[in-house]
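In order of appearance the chains are A, B, C, D and E, and numbering begins at 1 in each one.
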């Protein structure tokens, strides 16, 4: 069954069509990787799903409910968490305050959803540097440390659907691996569903179940990750490796 | 000795009123990152509402609460009708819009309530205390004013530092988009921020008026001083606003009492520049953001 | 020809001359009262151009330009207050230099400040400076201020006006012409600077200070430079204002003047010189217009007087709501949109 | 009154005090990397950072770090997040004043370096974001990068004198040339906000290159680029070495390993390894602190390795 | 009345005057900080002109009066006076209010040859026939008032320690200058306030510290109220003498009413305060002049109570109408100025002491009396009517009996 069904979705910025009749179905408990060149519309897709951008056409269904055009604020309570592109920390707040904001999302969620990151301590265990600096303002963090903060904050919301926009951006290879592992472990252990946007197609496909390739706002390929990884023609023409 | 004490006391009472007004400016700044020039006009208008209530034989306290309610509502309405559509555009545009409101509301008050002086009585008396031979420039009204501002500051500080609501308000002000992703109802909070500022502004308006008299432009001098105090305090922190207000009030009083009353505004300028040269973000600003 | 037009010098000269010609035509074709309004427009526009350079190009907010105008105006008043005053160009230059010096000092402080902190500091400057006139009564004559005897129109001017319109040149008219000349010169320099490397560096600092710094632009120095230039404009505007108002007094240079300048710059369209013209025109012509309309509508003088700020305030809010880019911003946006639409409709026909 | 620009000479005699050459400390000199053959067209300047220490409050972001960028080389700086790489960059270009340590360029010590002195010294840097000027066309953006080189001053600008015009024209031509060198000539009239991310990066790079620097500092230039674009970037950087040295911070190991001549590895603000890519890649300390097991196609991730390393905390 | 020298100055040739109408105007702060109080003065003018118009006008001409708002800002004064003179083409400017504001336009008015009559300010600047031949003051100058108050103190409170509380402009300065002529050695403190800054605590504290037991205030009414409030706060109870400008008993009293704790019920909070009067005040309901003003205001006012500001406006208007009447049917700008210079000294308005108008003086009312406010709100005379002038002019008793208003309420020609 698909948690998230995107049908015929079109999003425009003035004259620019960032998404053009996009259809994506995200299966429960799976990782769906959205790939594509720069400017393909990946970020726009995530932003439209979480309501930051209003689509011009199409529908988005979450758990059978139509959420098209619903306010972003309500998404957290529906079990969606979004890691935005480019380190969306609230720079003026402390690290702990950022995390506490993440926990608000969990407050209205059923407590029985399995989640490995439930408390601030869990988050600090995951990324110890955050614990060390918990009372520092987030703008003092390095680029990678901010990325960790954003990911931890999203997990604290105990989501059932996680939207990840380039989580590996600016992270050291070891941390990338750690995060990818963590995501996969979450999917396996607690039934989390993930919509993952990545530039690093190779790594993304290594943990994804399905790959969706966007080009100029259109879905050009929807295939299982295995097929995509193994089909050299597809890889070369769309993913450049 | 008596003179010094009285100049100081006078500075404190003046300062605390400036602080009350600066608090309202800080609240707006926290929620919208702009300076609301209409704040003084809003406060003036709600004070007229209070006066109208009092003239219709409502007791002071009812009028006070009435003005607070009116301030709250006016703040919310202005945010929804004027400020909201401008958000996301240039900050200067909002500033100019608040300048427009400042002028328009003042004119409206003159039309509705007349432009003559009206006295605004105090619930607790305006005669100074006497301690032995010492005549203190302190009246029951001053004490009432100081206590009221104290309550407001403590309340606001608790709200912002200790409550979830305060945290989400700050988050909404700093980064609307990220806050929305985290489930914060940003638009409601911004309206609430303006409403709360309107309420605090009304408090300032009434406190200035209490035991004195009002006319449509009676808050005018407070706009500049309130703004300067807020900047001295760092624009971001309620405590900063109070400290800024007190510093300004005391400096003004000392300059007036020991140098020349004509130098008051220059004194204020010098204090502000001195503070900003030491700390370009004001006294209570957090450290400068990392740039790269 | 193309090459000639490409030269900044030639382009700015043409525009400035155009404004001069239009200005003379306006002055000679309108009645004496409109003439005085036009002289107000000249000083207002000069100051607005200076402020639009500072705020529009360099991104610094100033709520203190009214006070800088005061420096220019007082300098002018003091220099005219002798039996044989120096010629106006010298006085204007002195006003510019004095104001630039003050602007330099303020600018050094301002260069470290940002947004609302800068606004607060300049606002404090605006309320503080008039007190200097109150304190040094001997020189500045306190609250009453210095009266300015407008210079007598020289012979050649009288005969020039006589030749143009066959009318007698009053000193008001002479002042209007002086204002116009100052405006044209101010415009000429503004056009050149805006299009030059200097203007580009100002915008760079406004847009992305870190990147500007890396590109070798000294942030502090550039900000001070912009502030000084802008102050020079305010000084010239103050000199003209002193002659138009015939007085330099603290009550002339209130905070309201500074705020009006900022308002003019924003409602005209931030960063645009044409916008500075339009915004100034709105501020000069709108209030009397509203008062007149209200009086025509049988309101009492007092009510009419109160209508003027009411309508003015509402207009400000409405302009911001309906035309957030100011007049010029909105026009150019509409034009760009129209062009884009035309391109969109043009493409299919090409294909077909 | 306000000279709008300065020749490099005035700039150096300005705020940056240039002291006579000092003998560089031999310690940080590279251990391996074969220096490229020296020919007259090649850059000859060496950038040295010695004993750089930076503290933020109680936190030691850099602890006695030294590094040498040899002429014409690409020098990589890698290390875990928060290791101090960006801070080191910021020291190198004057945004952060080190608590201790010295910088040497062109055999002269840079005292009290200010960021705006860089361009005059022949050093350019890109920002971790993109940092373009949104209110200017791409061409103007690039022209700004070379502004300090033009000599016409305030007066000629104010009067619109032909001299200023000539300068502007020359500048414009150079900016155009730099854009076309990067294959981005078509972007010239467009505004950054309307450009796709890789194009913005190109403009930013052109802005850095237009001043013809002899040292280029690149902070995470490949972030957000696809693999194909990353390859292009690598080629480009390698071409640049004929004209300048490059100091690069990057987390993409493929790129780093391919283009760097020398690599310095930071961890907790200290240099834990340095050498050629091959040396560094196999250094167990580097693997433990930074590389871990890289995720690659078809390969099962060795979670055990990761967990056993954990993420160590950092002394504050 | 005598016409201009040329004799051909027909009514039609000057701007603003036709066979049916005379257009006049003035500038007043109708909005802004100075509006409270002052904005009522043009209402008084208007009501009186309406009354005159309803009773046949001036030589069959209707008076059309335009009040323009200058917000007490000289830059705006210039604008609106330009508008009045150049666009509305008024015959004369009347009652222009404020020293810095009006100062901005005197040169213009004089060079344009526009009569600039009854300036609403007690500055001595308007008395300058050489350079400002068209400009005429109206109310007594502040210096003369200071002298009269000074003499009263010197004579009646010779041991008092005197403090001065003055506005930081010519009101405070000229007043103090006059005062010091008589009580220089009694003065123990002199403080000033800047209009707009309502924090006068330090100044009053300074007066208290100096031990002044008599304080003379040269200030506007709002600052009288403020100084009373601050004194109350400091338990400071000197004798107060306040210049006429600031002693509007009706206004100040109503402002203070609510704060006068423990005062005898119904008594004015200003009881005992000394001030001066140069014409009957609105509280003197029995005075024939006040009865006239009351009648005019009831008929042509806006229904609000009669205040001293409105009385002031009507009295100025009376002077204007009287001058117009006396200028005759073929009035011109030149002839009305002539009337002021020739007949101005004999104008028959409510002022106790005549105007000092003549060919070489353009100063207004030449004297006043010192009065004290009583508990019932009326005033008691403390001196006879005194006549004096600026500089070292003597203070003399003025014994001529006061004018009474004409039956019709309109001055005759």
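In this text, a contact is a pair of C-beta atoms (placed from the backbone, for glycine too) under 8 Å apart; a residue touches a chain by one contact, two chains touch by 3 or more.
Which protein is which chain? UniProt says A, D = ABC transporter ATP-binding protein; B, C = Branched-chain amino acid ABC transporter permease.
All values reported here derive from a predicted model rather than from experimental measurement.
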Starting at chain A, how many touch steps does it take at minimum to reach chain D? 1
Show which chains lie in contact with chain B and also with chain E. C
Looking only at C-beta pairs that count as contacts, which pair of chains has more of them, C-E or B-C? B-C
Let me spell it out: compute each chain's centre from its C-alpha atoms, then which one is farthest from chain B's centre? D
Using mean CA coordinates as chain centres, what's the gap between chain B and chain C in Å? 32
Roughly how many whole angstrom separate the Cα centroids of chain A and chain E? 77
Could you grab the centroid distance between chain A and chain B? Build each centroid from C-alpha atoms only and quote it in angstrom. 43
Could you list which residues of chain D touch at least two other chains? 86, 95, 127-128
Residues of chain E whose C-beta touches two or more other chains: 30-31, 39, 168, 194
Chain A touches at least 2 other chains through residues 140
Chain C residues touching chain B in their complex are 55, 61, 109, 112-117, 119-121, 123-125, 127-128, 130-132, 134-135, 210, 255, 259, 262-263, 266-267, 270, 303, 306-310, 312-317, 320-321, 324
Which part of chain E faces chain B closely enough to touch in the complex? 30-33, 35-37, 39-40, 168, 191-194, 196-203, 205-206, 208-209, 221-222, 225-226, 229, 232-236, 251, 254-259, 261
Which chain A residues qualify as touching chain B in the complex? 50-52, 71-77, 82, 84, 88-93, 97, 100-102, 104-105, 137, 139-140, 153, 157
Per the contact definition, I'd like the list of chain D residues that touch chain A in the complex. 56, 79-82, 85-86, 128-129, 196-198, 220, 223-229, 251, 253, 289-299, 301, 303, 306, 309-314, 316
Interface residues, chain B side, partner chain C - complex: 29, 33-35, 37, 82, 85-86, 89-97, 99-108, 110-111, 115, 224, 227-228, 230-231, 235, 260, 262-266, 268-269, 272-273, 276-277, 280-282, 291-292
